[in-house]
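A single structure is presented below for examination.
Every chain is named by a letter (A, B, C and D) in the order it is written, and numbering of its residues begins at 1.
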Amino acid sequence: MASKLIAIVAGVGSGTGAAVARKFASNYPVVLLARNPENYEGLAKEINSKGGKAIGISTDISDSKSVKNAVAMIKKEFGENVGAAAAIFNASGGFLRKPFLELPEDFFAASLNVSANGGFLFSQAALPLLLKGVELKSEHPPSLIFTGATASVKANANMASFATGKWALRALSQSLAKEFGPQGVHVAHAIIDGVIDIPRTREWLKDMGPEAKLSADGIANDYWWLHTQPKTNFTWEIDLRPAVEKW
Amino acid sequence: MASKLIAIVAGVGSGTGAAVARKFASNYPVVLLARNPENYEGLAKEINSKGGKAIGISTDISDSKSVKNAVAMIKKEFGENVGAAAAIFNASGGFLRKPFLELPEDFFAASLNVSANGGFLFSQAALPLLLKGVELKSEHPPSLIFTGATASVKANANMASFATGKWALRALSQSLAKEFGPQGVHVAHAIIDGVIDIPRTREWLKDMGPEAKLSADGIANDYWWLHTQPKTNFTWEIDLRPAVEKW
Amino acid sequence: MASKLIAIVAGVGSGTGAAVARKFASNYPVVLLARNPENYEGLAKEINSKGGKAIGISTDISDSKSVKNAVAMIKKEFGENVGAAAAIFNASGGFLRKPFLELPEDFFAASLNVSANGGFLFSQAALPLLLKGVELKSEHPPSLIFTGATASVKANANMASFATGKWALRALSQSLAKEFGPQGVHVAHAIIDGVIDIPRTREWLKDMGPEAKLSADGIANDYWWLHTQPKTNFTWEIDLRPAVEKW
Amino acid sequence: MASKLIAIVAGVGSGTGAAVARKFASNYPVVLLARNPENYEGLAKEINSKGGKAIGISTDISDSKSVKNAVAMIKKEFGENVGAAAAIFNASGGFLRKPFLELPEDFFAASLNVSANGGFLFSQAALPLLLKGVELKSEHPPSLIFTGATASVKANANMASFATGKWALRALSQSLAKEFGPQGVHVAHAIIDGVIDIPRTREWLKDMGPEAKLSADGIANDYWWLHTQPKTNFTWEIDLRPAVEKW
């Protein structure tokens, strides 16, 4: 039975998404979604070579057909009756800190399309699988977890594009938490309030010491903790930041 | 000089938008934007017949070309150097209370396109005119006011579509308030937390007495009050609800 | 009838309280409460000499007996059936920015005692008069307005004392708004997010220009606007800050 | 070294406090604080009989002398150099749902005195021990955790007393999180949004099924999870509610 339960991670790169996938891979076969196969191929290989199971599917999360295709491929791989124990939305629209009047409208629309429409399309695809997970009596309540950011609760100057998408995603997660909690699906939202320690940020905040950045593995642990909460004790939202972060 | 300052209202129908337009028309020529000319023709006639000045422009606020065309027509009418004393975004994506898995993806995308992209396009069109208003030394700080709703701060079950757009719009307004306040433009957001008393809602809440619904003229007064706040005392956000509303 | 309606301002000094009292004095006899008579004597004289009516009552707002004595004196002056059109709570516990472990416990307790217990005692004293104002059909819905601060919504490091009292007061105002709105009393809370331009702050923020500080008269205007909102359109909360303020 | 690190739980009864104490007792000697010894005697006996270590100290958390006495007794028991790995504030002012004008002022003051002053006194007593825990290199960052409630973020009608204290406590926790995070102490706040399943609530919500109430042991697990977060990934706030809870 358990073999029918999978975890799906949308938005896999070198950071949080990969760490989350590794963590959940120790309990479930994982499906890795990213537009660019380069973003999941190495990770899938790594997980499979360590005795886990992972498949990657090239998916544009903001495109309905592409998301539907991903679901079809999941069912082809794991069977029509596959259920999901966890689905994590880690994709994000582009980040551009810019005076508002210099924001290209295409950039704004594309960014919103990933954060808000992408969150919607992913949720509509994942929730039937998560409800199937409820039916299949997954060990832990099936979980739908969204990755937020500082900009999910604070819309600073020059951040209109990123913040707009992140607030929209947070609203989506709250509405879904209220609707699907009673149906047994645990919907959660994590506000990542700081810089994550990944290859791309290696040179950042160096003068603040080794603990000034969030650990991606730590975030993965926190998502796992959310996943293991029982139905009596669901958390909708956590914030996460380094101890030294100013906020 | 003052004759060069106009007010622009996006989203004019039989309710808040019309009331706001009437209110601001007593001080400024007003530009009425709505997709359907039926929504502004009568109102424009009414304002013009009472000694004010109003023009309507058929505009799809979620369409970049249409919004740019509106700006071109405004300049044709009021001159290249026209400034805005006020711009009010009162448009809203469609409202659909529905179980999430029954939400059509086209509806969700279209709704978000009005609330979030529409808010963006309107702001990019209006802010240069509002900054021009600063330059032209408008009597009151030029104001960009967004109409929000209960769903701007609370994303209830079955409300994912409306709430997602409204949270996005609120984020936009906060980011713009922080960026353009120091440049002299007053950006505000109003949370309308209740049913507005308009023809469409005539039969609603009848058993709760005559004061159970928000007055659209009252909202217009509140927007005017926001507009007249001096630069030392800007309000970003107000909530508005009937005294008897449960919240 | 109107002569029976008064306005009460708790916390009168050289800033917001005095400006609010002057503003409301143009419509109502005003009662000025402050511990130290020096804080209201000049103001009462000023108002009375300009054709208004004002009396001051030395009151420790955190002391139950003192507050009850103030009510008794109000009734002695204006009659047993006096009603209130407005009651403004502008008192504040002491402000001390200090590392938490250096905060004297007496200071913390005294500060909380003014902000939270004082708000409670003032509300229990004022609400019967405001409900009487409803009965006496005051022109505008009787209003109970609380002055908040940045620290009402943000509890920064080294600000535990001030923030604790201000969050408590904001909670009080929200609970009262929900309970007394349906009874016709308008309860509101104003987040003053910036430095107010008063004699004590004359030297502050000088390099930021003449508009970097909130105008106390502007705040008074905003309170008056809140007061004049009709029962269909009550605002619970506004924020107020200079256009140039970073937030 | 580890033997010098203790956990302190303020507010121990038959519910959350006891569950938290049991959980932390598997790793640390625990100190149980409650006014009434009946509230901790059985629990201390239980923990000691199962191989843990627990002592109870009769403490009025709202009384400075009583709290100082508790610290003295802790040092007498565990040595002058004792450090704390965790301190949990689970005490609460009295709960009284009542029309505001019927709230006895003594009740309001006493309730605030526990929630706000009690939180302050406990924090001033515990933080030096927690900082000592940092110095002693506790395995997990020393943690100061506050128990909040629905009323920590929502101040409903007839709930002025409870909400006022809970908002104040939340402000305290946020200010402390910002000040002591950089010093290595993890300060967190948990919003318990629902009925906890304890003997006193056995008869409540029976028609909603066995999972309609929060598990106290689940809350204890969540507090333990907060305690084990590394310095790179601190959570300030979590909410916790049953899956079926309406919110």
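The rule is simple: a residue touches a chain if its C-beta (ideal position, glycine included) is under 8 Å from a C-beta of that chain, and two chains touch if they have at least 3 such contacts.
Just so we're clear, the structure is a prediction, and the values are computed from it rather than from any experiment.
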Handout entry: Self-contact between copies subunit B and subunit C, residue sets same or different by half
Key = same
Handout entry: Chain separated most widely from subunit B, comparing mean CA positions
Key = D
Problem - Copies subunit A and subunit D - rotation angle from C-alpha fit, nearest 5 degrees - result: 180
Problem - Geometric centre distance via CA averages, subunit D-subunit C, whole Å - result: 34
Handout entry: Centroid spacing, where centroids are CA-atom means, of subunit B and subunit D in whole angstrom
Key = 46
Fill in the blank from the handout: Residues in subunit D with touches to at least two other chains are numbered 178
Exercise for the section: If you connect every pair of chains that touch, what shape comes out? Choose line, ring, star, complete or other. Expected result: ring
Practice task
Name, in rising order, each residue of subunit C that touches subunit B in their complex.
Solution key: 141, 178, 181-182, 184, 186, 197, 211, 213-215, 218-219, 221-222, 225, 229-247
Practice task
Mind listing the subunit B positions that touch subunit A in their complex?
Solution key: 64, 99-101, 103, 105, 108-109, 112, 116-117, 120-121, 123-124, 127-128, 151, 154-160, 163-176, 178-180
